[in-house]
């Protein structure tokens, strides 16, 4: 036991200060995507929906509906359009109502419509 | 630099024995057609020849086809026998290779074909209420499989100690039927059907890229190994060759996975022995390793790293190089401190012994088998790139107890760090070769932290999966658990044994 | 009316009961009459016993010419008082129990006739004032009990169990005869009181021989290890009231024989006979309870527990002898008193438990604890009454078993008063053995009550059991008696003190009952307690908080949810402790004694394809049967073979044998 | 959202306030695995590891639902597990919270079919949803703190759209 005691003293404290202060390790965590409005048209939206393995994305008319609660942050949509879709960097995603997770991203309409 | 190459095919002797025909011969895995009439002869021949029945599964076409996967651990390759069944019965393979029993039960409840011997078959994956319309890979069996392993009538001298499915906090759901005489453990049986998610059923009709997403959630704690096995199967089926840099990246990911799993197993061992300080030390190491994973591949559990035909990400080499030594140092120091703590070592020694004979009979794999003196490691026995060029060191003990498993894990962890160094020096990269169109079938494998993970797929012409067989190591090693638990142990040893096996229910229930 | 008068009334009542049973030919009315008479006889016996205790020994009544050895000599003695009262109580309880237990019929009539005759014989044993009377009564009692056990001779194991009883009690009888013959020849009289008077004629050697013969001879009946084997064989096969009678009374008659010799006929024993007695008692107690621990059969379990209690009683008697030899008359009398008190207590609750075991067997069709369970919901009355008996036999306050065992322990703890360190240590060792026994007894009866009554029913019959129409008054009476013997301990002790003065001439009362319901163990400077106040206190301690709770119960909204079972789909009876698994730790701890043989069987033990139910079996080796009795049986059979040639079938040869015998008799007479 | 569902949500919100006020600084947590891939369990176990140490925040893991105030449910709620899930929830004393943990539990991985219900909400009344596959220990801590009202939930405020796109 003294062995463990000494180790503990040498080791020091590793505990995070979250939530008082942000935790640096959060930087590497996978995060849901953020969509650049105005760069996503219907076709791209279709590709994004097709690329997503989870049920997070679906298209509703001229709106791309993004259900954050179902997103696994797998990053496949970012591979489809690296410019239009970027990591949001948000990991504090807990919500108290499912409605809060549903985000609507307006699509740009091609010319002539 | 030496490379491990497959030795000339063991299939030759089999072909002469049963005058069958070779269907396919792909890097390290040969497929031989064996007519149902000669399946028993073939099985006897192979088992006598020292081949290991690595897996056994069926596929449903116009008729049920039975496939046996034999591991030739000295000839460095696998042999697949393919047997179309024209009757609902096939020769009792579990009498030849006992390891086959669990798969026989699984095939029965999924396809309704059973071994000719009247041996009662246990329920494995499907829940008790699975009726006619319950999704199956094949057809419903004529009569439902019994819980033959459950003691329906325990003589008054022993009683069943029920445990689960909702067990300790923060562990997976699992039901133990613990039959005890009040002192010693008479019998132990497991129910895992309440975690059956029908993954093999879901994979049908998927494209390989989508399949990877589910495959890495089959057994999250060995996501890399399972996805690697599936990807390799797809590549072997379609004859795709991933870029060499990508293979190095896979190797790095797999060894990182091994590292954090062994750290987690160490933490679990400390928890089960009630050594909180050791648990804290091990968890510090574990958390640091997971952060290295995140920094290197962008995911703490290495999800989404592999892809069919290659990898989706290259490792962040700088992050890995300066993160890993410190993290592994934590693991090493914690391990040394544990090895010097008698109260801990005494609980491990001679607990949960699996004999070499049991390990071979039950076809156990991974650290459990290696700790029992069975020197099998698919990275060496059936080497593929990058291990054919960067072979790992084989860690074997023969005590077969929890301590032996613990030591094997520590040796492997040390070797993984060395391997990661070599692989990094070899210049890992990313990118994936586009999968060629056209169908086919193939076998893939990878040595997960729990042991050999296998996957077999067949794809139709437009590249959709018609049958995918996922066999994580957990499927194999749980069947050694009750024997380990029954060898003169007391109740409080069982959590220790479970921690030392370090299996997942998700992997075996699928 | 004198004690002997009461006993005569009792015998008369039972005699009439015999006639009623035989005349009635199994008609229900006749059987009820028979039982009523039997109960009246019992009541008379109680009166006789108590009055004998209180008023001391009556005078000897000789029926027939006094000089003839075979004349009937009767005397009511204080020493027999306890046993007579117990006999009465048991008789009343059984009489109340029988009408609902046995279905009317000629078989039952015959059985009841035999049973009432056995009662008469037993009271004759207790009232015997002469050697011949005693022996005749004793032997007829034994034979009648043999017939009792044979109630259903065609059922399996019945004949065997009855034969065990007969063989051992006949062996014992021979030894008893020998003991009496020694005394009679040395004192030239057949009258017990005269034997006592002429004891100075008997040399110490003959006296001790006689004592040891008597100890062994009565030990067979009382069930001293290793002479105990008939109890677990005979009790299960007899009808419930029969086993109750055997355990509750017949074994006590063996104890009576012992006290008759050690405290009436043979005063001033040397210490070593006391030591032997005490050692035999302690051994009996420990072995008895250890074997009880591993019985699944309810009645075998109770039979072994009887052996244990006999051991406790005999330990007390042995210690009493030692104290007597070391000039501690007060302690000697005290331990004898404690032993007799335990006789009364054990007779009461063991009878109760056997009667209730009979109820369980009738309602569920089995005696196997591992086929019962959950009976407390189906047989509530039985459960409550049995609980009283169980608490009593487990020697837990506030019930009677605790009182007598406390007295015995207090007596043994004063072993230092002998002045000899060795004996002090030996006596305290015996106390320690009884301590172990007491602990194991609690364990055993937690099991013996918990497995059948608590939990879930393990079989369908156990689930369907109902106690409608089952006997209740008899056991209930005994339960009341248990409580009375505990709460009324001071009164009981008062009576016993008087008896002790008659038997040992020691006035215990001032050192035992200083007043205000306190009990002292024969010495004022040792310890003290008050059974009455203890009972009152315990009842209050449990009742008062309960009342407070019930009165001020918060009316908060509460939900009732099922027991947390880990989310299991269904909880099955096989998932609860069974009798054998509950006692597994003892099998491991004492495996040197049990030598358990374990076997695990299942359909397929292939490590990969293990399937089919598992059968786990652990058999305890019956040491005494295998290593002590089997050789004896073999020897007897061998002897029979050897002497067969004597029987040639030739009449003249037989005449020659007779001639030889007569000659021998003359020669012996001439010496 | 319908009015009924609205009232239900308000009810759940009030319940959450009550738990927060009563157990806000001493909350006992029971976990329930309804078919996860074992990674969410690993992350939950790490909550008690030195790096995160949820005890400092007044959270405790308890194996007995009888002592638990909050149920962390992982996995897509396999149908074969209904009984056990309901039993566990009923075994908890009220007031109690349910936290659906991980993408599986929130319906991200498995669609509802013959094997699974798809989301935990189908069987148990969920109060807090924690996305992520797996949710990292930090995310779990945030979710727990949100559950007891010691952190405000921020997801409803986020738009998940990056600006400056119209260039």
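By letter and in written order, the chains are A, B, C and D; residue numbering begins at 1 in each of them.
Rule of thumb we're sticking to: a residue touches a chain if its C-beta (ideal position, glycine included) is under 8 Å from a C-beta of that chain, and two chains touch if they have at least 3 such contacts.
What you are looking at is a predicted structure, and each value in this text was computed from that prediction instead of being measured.
Novice: Is the number of contacting C-beta pairs greater for B-D or for C-D?
Specialist: B-D
Novice: Provide the C-alpha centroid distance between subunit B and subunit D, rounded to the nearest whole angstrom.
Specialist: 31
Novice: Can you check how far apart subunit A and subunit C are, centre to centre, with Cα atoms defining each centre and the answer in Å?
Specialist: Chain centres of subunit A and subunit C, defined by C-alpha means, are spaced 82 Å apart.
Novice: Counting only Cα atoms for the centres, state how far subunit C is from subunit D in Å.
Specialist: Spacing between the chain centres: roughly 65 Å.
Novice: Take the average of all CA coordinates in subunit A, do the same for subunit D, and state the distance between these two points in whole angstrom.
Specialist: Centre-to-centre distance between subunit A and subunit D: 18 Å.
Novice: Counting only residues that touch at least 2 other chains, which ones in subunit A make the list?
Specialist: In subunit A, residues 14, 25, 29, 54, 72, 74 touch at least two other chains, as defined above.
Novice: Which residue numbers or ranges of subunit C touch two or more of the other chains?
Specialist: Only 565, 567-569 qualify.
Novice: Which parts of subunit B, given as residue numbers and ranges, touch two or more other chains?
Specialist: Counting only residues that touch two or more other chains, subunit B contributes 165-167, 173, 214, 284, 300, 303.
Novice: Once you draw an edge for every pair of touching chains, what topology comes out, line, ring, star, complete or other?
Specialist: Chain contacts: none of line, ring, star or complete; other.
Novice: Can you list the subunit D residues touching subunit C in their complex?
Specialist: 64-66, 83-85, 87-88, 90-91, 94
Novice: Would you tell me which residues of subunit B are touching subunit A in their complex?
Specialist: For this pair, the touching residues of subunit B are 210, 213-214, 277-278, 281, 284, 291, 294-295, 298-300, 303-304, 312, 333, 337, 340-341.
Novice: Spell out the part of subunit B that touches subunit C in their complex, as residue ranges.
Specialist: 94, 98-102, 119-122, 128, 148-167, 173, 175, 179-183, 186-187, 358, 361-363, 479, 482-483
Novice: Applying the document's contact rule, which stretches of subunit C touch subunit B when the two form their complex?
Specialist: Touch residues, subunit C against subunit B: 296, 368-371, 565-569, 571-572, 574-585, 587-588, 598, 600, 602-604, 606-618.
Novice: Write out the stretch or stretches of subunit D touching subunit B in their complex.
Specialist: Within the complex, subunit D contacts subunit B at residues 29-46, 49-52, 61-63, 65, 75-76, 78-81, 84, 87-88, 104, 109-110, 113-116, 133-134, 136.
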